[in-house]
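Scroll down for the structure; my scribbles are underneath it.
Letters A, B, C and D mark the chains in the order given here, with residues in each chain numbered from 1 onward.
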């Protein structure tokens, strides 16, 4: 999973936000961000744009992990449902491949927010379509 | 539209990313981000998470502009289609209310990327559901 | 779950298509349609519109089952990913509530198609937002 | 646009529902269904599954109209927002191509319901991803 780690690290946006690649296995990927004021929306929760970035990364790199060497992954489209206010110490997106394919890979990511108690609360979920492209 | 400007500015995430509120009228909102390495994905384009953040802001504040004073706006869900690689000097999301409502407001945002030539290329579009909540 | 059965049966569309309510428990609902030429798209598979109708029913009635007596359920929005061609003897949507709420209920439905061998193949998945309304 | 008419007519589902291909031009397609009890959900409106079928057809055939001869069109994914109760004499989906492509075509369809007064009310909108495949 060195390839996933390398492509993850090549994202200026992920670095700027302080995202962490917590886990990467074939068809599976976990991305995290600890809470900070710089990640909040106007009422103090994690911003929907940040949760989306976590989930997009988790889906995209889960998809990339099953693609032939040398391919890059691009997001074709995604949809998120925001089920609960995302408040807590750490946001974590867990992405998995639902169906790999030669052209398109379908993925889902659940976004949990970890509370002080350690409990992980499901706050959002994403369905995504990823595409493998030759560089 | 002072309320929109105030709520926009209250987002730590928007400040951290350098987003600009370019326009705010009833049912309409434009948010921009000039290109920078800190906004890119692994192949150098604007990151899907950044484009989503712009579109989410444009939809959310277009919705808020039609809500009763004192309400806050939350993102219930959204979906984006990424039609073209988002490469250029400036990304701009233009949000509009499709249907306001007492509980839910339906919105759409188009995301264009402005080229060196000045041409604005449509790169993504979002359909979003926003909810007004009492603080 | 008599209420779910009654509301399911009140749909002219479900009757016209020959849908069956296969299971209804709190927060969970299964809807089926046996294959027929009248349910196909132009290449002979189950039509995306039919798979959507199954999934919309499965999500909607899973949501209704957790709502206060007397409320009706309406579809606010949904998104489906079609992962594989839907070909086989029977299409079955299994809906579950991800997060119930006073106003909005978030649901997901998986659509499987049962093969002659008995194998159930995942062909589509839906994320949906449902709303409870007073009649 | 004979090809669109032929592929539209090849759908058992469209025939069973009484759908009409009202217009077909390059990158543009209109599909209609007059109201009937057999198209309703449990409160008497046009069923979300029927509105989806109209919109899916309008997007799919708008996409097909721009594809090379001999290709078929398949729905990869779509999302609909249901903005208003769909009640009236006729439901009409107007689909257009937002961005054609060699592999994927991005489309949008608006669904209006025509009232007795003749007014057409926007009730739903779809964003869709369509794929061209060799037969």
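As a working rule, contacts are C-beta pairs under 8 Å (C-beta built on N, C-alpha and C of every residue); 3 or more make two chains touch, one makes a residue touch a chain.
On a predicted model such as this, the values are computed, not experimentally measured, just so you know.
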Taking each chain's centre as the mean of its CA atoms, the one lying farthest from the centre of chain B is chain C
Contact-richer chain pair [C-D vs B-C]:
C-D
Can you work out the whole-Å distance between the CA centroids of chain B and chain D?
28
Determine the centre-to-centre distance between chain C and chain D, using the mean Cα coordinates as centres, and give it in whole Å.
20
Gap in Å, rounded to a whole number, between the CA centres of chain C and chain B
32
Please output the residue numbers of chain C that touch at least 2 other chains, ranges allowed.
76-77, 79, 81, 127, 129
For the chain C and chain D complex, residues of the former touching the latter:
7-8, 10-17, 36-43, 47-50, 52-53, 56-57, 72, 74-82, 85, 135
Could you please specify the touching residues of chain B with respect to chain C in the complex?
76-77, 79, 103-104, 127, 129, 131
Interface with chain A, chain C side, in the complex: residues 79, 81, 83-84, 98-99, 106, 108, 122, 125, 127, 129
